[in-house]
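Please find the structures below.
Shared chain: chain A. Partners: chain B in the first complex, chain C in the second.
After this line comes the complex of A and B, so read on.
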């Protein structure tokens, strides 16, 4: 069996335009393949989306109205936002993270400090919320994290002390795996990592054009791909995510299909393949790749004793 | 030299000359009255001034004066026997007029002699200094000072013809009220110190920020973006204001010296117990109560005029330049320390 030709790669990209499906199939395939070859050969693996972290002091909070000056509030904002970006990067490294204030973020995770009025005082709690594009994503399921009880005295007037306390509480929160799982499920899992997949027919693998080095996913990582093809909604789960070593798309993610569902094709076995999948995906629009389950590669470059990244 | 013959009668054979009336009894009575009057006057106005030694010999004064008078009469050549000379002197009609004049002089002396004497009746070794003020100005050259060793202080006044309203103030003890006395020209004024002075009663207010307000205030030593003020309007006096209220209580209701003295001892256990109950009623968990008690244990003394029962005191709390967060009129109750918890409804100014 000869090696699979490089030209057998097909790509699916959601570019907002539809393909003219009335053209003769052979001609279209030839032109398309040629174009893809050119594109794929030169295409480097993409970076994951950029997310920003923000910390907000509710304007009605005692800390905003009474305790801290605007400059001190900003000091707390900057400190917590930076810390939040770091902790998110360490736990959710499949996105790029930056503190709020810079342009270009596809989504945002915001922590808000607000007061909860009680009969004798006010509790001070942290609430998480998200933004995907311009759409606000409330996250009430994540609950509230208590920073100060209404009966805790004294409340700090030093931005450093308040920042430390908030960071400590958030640290405890992010150290909780159940919380991280919930945050991932409710929010991060809904943010597309990529809007394109490429099939590698000979290897019966799907390539996601994201830099493996940026994401460093372990083999237990599961990607969810949703697409619309032939006016049918389809989705597939990809597992056994590895770094692609060969050309083209060297350094990108390469994974096996774990589940596939797009009528009439349904696959539920890891590594299963159907010859129609490349065509389906090649014709697909609105492709979105989500991180269904992320396991960071514990020892980058070594995978079950096999060197996968010689460099 | 011509000699007239015959002999002159050797005795008056005409009618007997009229005998002057015997006023000796009247004069003795007048004299006794004069002596008693002099003694009383002396003991009222001079005796304390001359010292306590004279107190011992005081009862003998009448006898001493009597003997003095007798010796003077003897010196006047009326015989060596004093009793006989005195009797003859008092029997003379002219003595009555003299005694009446003397009695008149004594009466005048009574009417124009006054005295102020303070008598120490305290316990221990304390020194009490009393200022005597006439319309706020000193009435005496120097304040009067009494101690357990020098128990009497004061002096007589002669030739006063009008009454004065004096105020006696124990200047070195804030425990006593000043005492107002009308001092008449004939009055022997005696004041027992300190029992003659009414003890002062104080009606203090201990203003304690409630839980919600405490959360808004900075701790001791901290500053925050929005400071809070506490204003105390005691009616008729300049309002007292704390511009940077901290997590503390405020004791008010008396001048500075009184506040310092009254709050220098142990903390008020009754107020502490009341605040404990307040924390329990508001369901503050026991481990958290200590921080509240610690905050309340810091007492800031804010002097005002001395409050009286029934006074209405206006308390307001807020941020500078904004509507007050809290305004309430407090009725001052009976003597002692009255706790008032400042409960705010809002969390911001």
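After this line comes the complex of A and C, so read on.
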């Protein structure tokens, strides 16, 4: 059986208003067709978790109390949360992203604008926080980002101006590699991407049933898998994450073991394998796959400096 | 057997591409075929899995079919895939003659693909890129450089253009032109700031050929948000050993990156940065600087005299990038801001000590630290401290002069802004020709912002004089009997804010910012 069209996985990211830079919104019909093909092929590539982005104006903030009407506050909320979904998608594209307001999100990233009261006036700062399921994830390590100093007067009462300035500040934050690393380490790395892995014994590879086209992992990407097997906790790191082209699970992630630790098996050589691994993983429960380190493939279709498609 | 058949077909197709042996009708028909992207699906799957024999057989079978129907686009694509197959296979060859043979065969396929493509509206970049890589692997460096230059020239809007640029940069270096190669690597990093290969190649080039340029490059990287990468490269170079001056500049880079990173200062010793830096405490030239970093984070001794190493290195890094002492000041301010954030009495007191350290590290005050201190004093209503700070600000003129000489309008703006606020807060209005006055300083802040905005580098944001400073200047004019100047200033500023889309700021300036006068009240009149 030949591999399903590449677009099937790309378009599987489509989900209402969620952000997908790899799937033009005009491709909805194609997505539907492709989904049918995918189902027919039995290639069960799962979608990565859906995360939502939210922007909150602290109700005690001057912007909420005196500067903006409720409708204007909503305008800023929509603008910033949509922008956040886009920027998160461009840097953390291993999740699906959508602005808050729809059901089904596994986790959320929230930015709050609040007043910081000083004797001389009020600074206005942005704070980030997370939610994983129903569990709040405070992110104090990311600190506060000053949007307006107390002397930056007057504060805008135009929702467009306020939205632009908040987006500009957040843009500076997301451009900083150290900020992105911290956000990933403190939050995104703790959200499971998948809860299943499959081994491919002949190739000595591990398959994660997520679409490669959805995640577009570049070289340097590392997945962390935690599991319990034979009543023992185990974990492994996977690297050399590539797109699986053969069946079954064509289009899924396929990776080599970098580290494996589940007593009595310990491996620490890239590409190492042990004949017991397939059985161990087949019997495993509580499997959770995390994005340990993500390097986005900036030039899809390039492998080790070679372009793999003529067009 | 496959190989022979493949070559025969390829050569036949190259001839076909050149229009030999086929009538014009066949050539025209070739352009009407289905998109070539659909070809060779099973061959590509085999290739991706490293099943080279299977892939090659598949491609050759499809190649024969494409030739039969005169589909030049498909022919070209299939020759490309055959070239790629042999190229990848060559990468696994253990014996040199076998590797050489596979590479040469790959060359023939790629050349065939290029010729078959002649006259078709299809990109050449992928084929040229891969062919350039084969040439490089064969040691034909000049030819590789030229073919990769051609890939670059023909790339147009091809999103893989930075990839071609990277290949070209590598070949420029390989053919002895490392300087131009470095420029092209930077072009790659402009487009793909996270490209580790280009970054590592560039760091290696600077380390080998011009170590004194490495700090400037790393500051360039910091400006593009690649803070962690710059820090890691600086620490690695320090560990490998550099001259004393380059070492100081590199440690300055480390201080600059620490100022941009996250994490509680009181947990610095647990950070990965410190784990890398700590062994360098014994280094003869930079060891004292590393120990002083540790002292800075500990926060127990923040006297400027306790940071002699950093004071010593005030020379700008190449490329007009920050000197080690400037970077250290940035770090002290960043740590101070962290402590200020909690707004606790202990935190504020500690923040003040960090700002004072940054301000007094060198004889010339630091405008950013001074601004932070002024803000802190205004908040707390500490008018005597504000007054003393204002008196100290005279020393800023020396620094202002240097910034003017460098044409660093951002720095000039920072100086004038800090001075304008200080003089304004103490109601020392003065006039347009008295440097130690609010009017002079704010007017010059405006001029500096205009000059900066005219010349600002692409991608940087424009400088704007905060409405509060404009209001302060207007207030100064009114207080010194220049009501007409106040009126025209407000009208011009309001027009400017409207142009920027900030109608409310425009209205606020025109209506008279009464709330600002209230803020001024924290400073009793007549302190001067």
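Definition applied: the second predicted complex is superposed on the first by the 262 of 311 C-alpha atoms of A that agree within 3 Å, B and C clash if a C-alpha of one lies under 4 Å from a C-alpha of the other, contacts with A are read in each partner's own complex, and residues count from 1 in each chain.
One rule holds for everything that comes next: contacts are C-beta pairs under 8 Å (C-beta built on N, C-alpha and C of every residue); 3 or more make two chains touch, one makes a residue touch a chain.
The model shown is predicted, which means the values in this text are computed figures rather than measured ones.
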Label the relationship between chain B and chain C on chain A in the superposed model as either fit or clash.
clash
Look at A:72 in the shared chain and tell me whether it touches chain B only, chain C only, both, or neither; answer first, second, both or neither.
first
Is A:158 touching the first partner chain B, the second partner chain C, both, or neither of them?
both
Looking at chain A, which partner touches more of its residues: chain C or chain B?
C
Does the superposition put A:142 against chain B (first), chain C (second), both, or neither?
second
Which superposed partner A:177 touches (first chain B, second chain C, both, neither)
second
Please indicate which partner A:115 is in contact with in the superposed arrangement: first for chain B, second for chain C, both, or neither.
first
One more residue to check, A:264. First (chain B), second (chain C), both or neither?
neither
After the superposition on A, what does A:104 contact: first (chain B), second (chain C), both or neither?
neither
Check the residue A:60 against both partner chains and state whether it touches chain B (first), chain C (second), both, or neither.
first
Would you find which stretch of chain C runs into chain B in the superposed arrangement, from 44-52, 152-160, 242-250 or 512-520?
512-520
Which chain A residues come up in both lists, the one for chain B and the one for chain C?
119-121, 149, 151-154, 157-158
Any idea which chain A residues touch chain B in the complex?
60, 62, 65-69, 72, 115, 117, 119-122, 149-155, 157-158
Which residues of chain B touch chain A in their complex?
210-212, 214-216, 218-219, 222-226, 247, 282-285, 288, 291-292, 295, 319, 347-349
Please name which positions on chain C make contact with chain A in the complex.
36-37, 41-42, 44-45, 48-49, 76-77, 80-81, 84, 87-88, 113, 122-123, 125-127, 129-130, 133, 159-160, 162-163, 166-167, 192, 194-197, 224-229, 257, 260-264, 338, 341, 343, 375, 378-381, 421, 461, 466-468, 471, 501-505, 508, 513, 515-516, 519, 522
Applying the document's contact rule, which stretches of chain A touch chain C when the two form their complex?
2-3, 116, 118-121, 141-144, 149, 151-154, 156-158, 160-161, 168, 175-179, 181-182, 203, 220, 242-243, 245-246, 250, 295-296, 298-299, 301-302, 305-311
